[in-house]
Amino acid sequence: MSEVLFRELYRIRHVEQEVARVYPTDKIKSPVHLSIGQEAVSVGVCQTLRADDIVFGTYRSHALFLAKGGNLRAMIAELYGKATGCTRGKGGSMHLIDVAAGVMGTSAVVGTTIPLAVGYAYALKMRGSGALVAAFFGDGAVDEGAFHESMNFAALKKLPVLFVCENNLYAIHSPQAARQAKSNLCERAASYGMHAEHVEYGDVFTIRDRTAAAVSAIRAGSGPRFIECMTYRWKEHVGPGDDFAAGYRTRAEAEPWYARDSLNLIGARLDPAVRARIEHEVQAEVRDAFEFAESSPFPGHEELLTDVYGVA
Amino acid sequence: MSEVLFRELYRIRHVEQEVARVYPTDKIKSPVHLSIGQEAVSVGVCQTLRADDIVFGTYRSHALFLAKGGNLRAMIAELYGKATGCTRGKGGSMHLIDVAAGVMGTSAVVGTTIPLAVGYAYALKMRGSGALVAAFFGDGAVDEGAFHESMNFAALKKLPVLFVCENNLYAIHSPQAARQAKSNLCERAASYGMHAEHVEYGDVFTIRDRTAAAVSAIRAGSGPRFIECMTYRWKEHVGPGDDFAAGYRTRAEAEPWYARDSLNLIGARLDPAVRARIEHEVQAEVRDAFEFAESSPFPGHEELLTDVYGVA
Amino acid sequence: MTRKLSYAEAIREATEQEMARDPSIIVLGMGVDDFRGIYGTTKGLVEKFGSDRVFDTPLSEDAMTGVAIGAALAGLRPIHVHIRMDFLLLAMNQIINIAAKARYMYGGAVSVPIVVRSVIGRSWGQGAQHSQGLHSLFMHVPGLRVVAPSTPYDAKGCMASALRHPDPVMFVEHRMVHFQKGVVPEEPFTVPFGRARTLAPGKDVTLVGVSHMAVECLRARSLLEQAGIQAEVIDPVSLSPLDADGIAASVKKTGRLVVVDTSWTFCGTSAEIVTAVLERTQGKRDVSFARLGYAPGTCPTTKPLENLYYPNPQTIAMAAHTLVKGEGTRWEPRTSEAPEVVEFKGPF
Amino acid sequence: MTRKLSYAEAIREATEQEMARDPSIIVLGMGVDDFRGIYGTTKGLVEKFGSDRVFDTPLSEDAMTGVAIGAALAGLRPIHVHIRMDFLLLAMNQIINIAAKARYMYGGAVSVPIVVRSVIGRSWGQGAQHSQGLHSLFMHVPGLRVVAPSTPYDAKGCMASALRHPDPVMFVEHRMVHFQKGVVPEEPFTVPFGRARTLAPGKDVTLVGVSHMAVECLRARSLLEQAGIQAEVIDPVSLSPLDADGIAASVKKTGRLVVVDTSWTFCGTSAEIVTAVLERTQGKRDVSFARLGYAPGTCPTTKPLENLYYPNPQTIAMAAHTLVKGEGTRWEPRTSEAPEVVEFKGPF
């Protein structure tokens, strides 16, 4: 099992490190919000999901996209703006989608996918599908009215939704305490009558196990549940660099998070040969994806206005 | 003290009964949302406020307007659409205002005045004024995202706001349980780190006393507080009639509320002579206000576009 | 084929028939299942289709719009109902940032077939926040369809079309057209989007009226007859797509255009219709035009000012008369207030 | 008087000077006090005026707009800043239902002097939800003022005017004009709303460019010179009130009008400008016109499609050329991409 988790975590980390490496070439002409440091949340949660379960995410969804099984080639091609991208080059990093994998949408406007997740869950429940929806969002999204309205409606209708708050302590450069009266998000969730879990240190095993319990309960008809996973963004809010020099946070704050990084911890415990094999395989896969992206064509001019409307 | 409360309660009740009586003549060409049955909330709260304190309300604010000292003649003239009305006939019953009395606005869109109250309180706090703002809203407004966002910001900045939820169990014809996962509004408020009170039976003394304590705390710098006052709307949602025939609620549900009506209870305890005198005085005042409204002119055609913009 | 229905009944019938045909259609919104049933337009639906498919919502316009969109992404066809268009201002983010854009920004991977119904209020002191016609805001944004039929026939046909349409449809109803009666076939039928309807023929001037203003334009046409002027009255029916070619064809014939909107003129539907027509006539036909709409201010509640706030058959006819007869001519037809406006007493 | 500032610096300077003059001015919005300071436009303000007057907010566009309005009702003058105009879609209810209407619906009893700053994004893959110019939506609604200056001079003067204005002002900034440099006097001054600015004179055709499109129109003018065409370039500066008379005066002279907006054309600002001009010229002067704006769809992120999405000096010049020389003439000037667009790499 550790091998699977390691592979998942490493794959995402490596993809994003490659994105960061390529970025200065300006081949990726689009804002990218890297998940480096936060991979364990998506991986831990998605390990417990079925293929027919659905996820919705934010503009920071490279990790989620891959953890849920989104097509890697299509994702990299999308960052490159190519016609083979998961949105044909029209959405870029902030609007990843993979319908086949159940990644039903990500959005550049904070909080907007939370109600979408709830509505999707309404449809699933109405149909009696056993599937559920996981809604991923940041601590910043909790500030939005849409969060409150969505929590209330999901709880009211006992919908099969897992709310996953990736609390990385900041919204851009604003710490949680500059935006929220209290940091007690679980208490907030509980006030809607929802079972709520807090995971303190972003450990992938804990996240996976707690999610597994939540997911079983939801499938058994408990209604929605809430899980807050503490985590830490290693890179700047948007873009590939570090930003400790900016002054809004310190490297000292980051260091414990480096130390408890699930990828490193699991990697260190793996048989070095196994680890090397996995890394090698992943690197090959990622190299292929970047080559695929590089060699893919841009969408043709005739695509400018396709898919604005459907065919009536 | 009972005399004061009786007068206040009776005055509002009588005004609204007169509105209901006049309504079929179609002289009041505007939706009116009567507070009959709910007067104790506005009266109880406003008894504890200073003249320089501020209130914001909803489209159902006849009671609040009068309890805070709003000009009665201007209010009735406003319902009649007259130029002497508190908004010169331009706003009607749903947009009452009386700047001199600290009634700073009411709105036909549910939930919209809650953040206004918070913003007003921000200004008061910044200026070091000792005044506070009471934000009145219904149980329906709690469903709105603006409620959540406003509570959070007020608590974050420790603003001098008293949130007053008039819980009359319904939003139009929808009971609270059809809209909210849980009816635990105080728990919700507490999750923002706010002291919260629940007043079960709409008794004017209890509301006044609990509010007095909250108001002292707020003036002492406690930050915002929340009070939920259970109450009951006797009339239909909008308009002057009863609506028990509609089927969404029963007269049996209403009866306990008739029995615990503060106005009747206090009135029964008053010296009959005193009571008669008060009623008489109030009736004269109200008669005068209606006559004032009747005899006032409509705004002239030249007023159609005045006050759309200010003078730059 | 002479069965008459009110506009409200026509919407109800279309909804019921389409829901029977397509189990993916659901209806949500505040009060859709109460005893009033949104002015009768949703009456009986919950009894027939159950509370999974027809349900009341919290007062949460923003998230409930998102819920509707999310349900649409999962294959449902939600109809989201708002008793006043003004409340859509709370739903703009989901409608414009998500519903309008999802198909394109997801590269064609998804559809968002939602129908957003909303009612423009008027009369009986609706005032500033219960009277706005905000269709222009939605017309501006690609990815949305906007329809505002004025007749019971078109109401039924457009609702059926909306419920078979792949894109988000903003379905605009004016409270004052709910009362209009007209012949409506019982069997299901659709009215295609993007085709304007000529409500009455004429050769001297083209009157284009949006929603309730189409009704008022027909009344203006009768007044103009007294002055020997034959006005052609066109209801655009669908505002986006807009049948600019169809309207321009009429204007090429008459050489005169009066556009009357149930909203403000500035930067609105009437500016678009004028521009779209002139784009098609410039260099080909001289056209004189005028646009009418709400007075350029906030809506007052008091009756005397409210009367001045809206275009009416008289002001419409006078504008047309001026175009036909020239600036200097004075003519003031007698007219009475629209019966639906006089009679309206709420509930709001 | 030859000191040059960037547009972003000009906004900062105006804000700082006005805040020093008027202690009731406060600045709020996500990130206004962080190290980036909204592209430099709010940098240093918190240090100078303190955190009561300059503060970060939760991600709560709806309520924070209400908070700004409430503070204005209490006598403050809030500047509420949004790094993307797209986020205003969450604030429409407070802006349109309250701010725009408060003075009127309260019978003149109150003022809501708020300034809502928002930035239109472009370039570097901003995409569907970070590139919208939504000024047309606000222009439609009475009670609001909308300004969208394109030069550093007007940015400073309009900001000062906005901060002395009695009404809510929507202050629209395009990310690509933040980089423009120009002469800006150091002492405080105001630029009155409702007056268009002629950026360059000409006699053959009038080019009206909104915000960043004014910059592109100036470039188009240079291209047109190569074809012997003299274009007059007008920046409306203020969109509501709109100086329709001023623009029409130019068109009466040139007989030709090209309106270029940094938004969609359908039911938008360009339709209004065309209509407002033709209302003033009809029966007096034959006018041919064209309008340009975003392609009628959602904004793509990929560069090749993004390039097609926006009007540029070439497409603007070609449209003007066609008006001047007639449909049949083919002319395709060489042009290079705008430097501010090429160089832009974020932060978003």
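To keep things simple, chains are lettered A, B, C and D as they appear, and every chain counts its residues starting from 1.
Everything that follows uses one rule, which is that contacts are C-beta pairs under 8 Å (C-beta built on N, C-alpha and C of every residue); 3 or more make two chains touch, one makes a residue touch a chain.
Because the structure is a prediction, the values reported are computed rather than measured.
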Chain D reached from chain C - shortest hop count over touching chains: 1
Whole-Å gap separating chain A and chain D, where each centre is the average of the chain's CA atoms: 35
Length of the line joining the C-alpha centres of chain B and chain D, rounded to whole Å: 41
Residue list for chain D, restricted to those that touch at least two other chains: 57-58, 60, 62-63, 86, 89-90, 93, 97, 104-105, 127-129, 142-143, 296-298, 300
Chain B residues counted as touching two or more neighbouring chains: 85, 89-91, 95, 107, 109, 143-146, 149, 152-153, 156, 179-180, 308
Category of the chain touch graph - line, ring, star, complete, other: complete
Chain D residues touching chain B - in the complex, by the definition given at the top: 26, 52-53, 57-58, 60, 62-76, 78, 93-94, 97-98, 102-111, 113, 142-143, 145, 161, 164-167, 193
Chain D-touching residues of chain C, taken from the complex the two chains share: 62, 86, 89-90, 92-93, 96-97, 100-101, 104-105, 127-129, 132, 136-137, 139-143, 240, 242, 263-264, 266-272, 274-276, 278-279, 282-283, 287-289, 291, 296-298, 300
List of chain A residues in touch with chain C within their complex: 54, 56, 85-91, 95, 97, 99, 104-105, 107, 109, 112-124, 126, 145-146, 149-150, 152-153, 156, 306-312
List of chain A residues in touch with chain D within their complex: 26, 29-31, 81-82, 85, 89-95, 107-111, 140-141, 143-145, 171-174, 178-180, 237-239, 246-248, 298-299, 301, 303-305, 308
Touching residues on chain D, where the partner in the complex is chain A: 30-31, 34-36, 56-63, 86-87, 89-90, 124-130, 295-298, 300-305, 308-309, 345-348
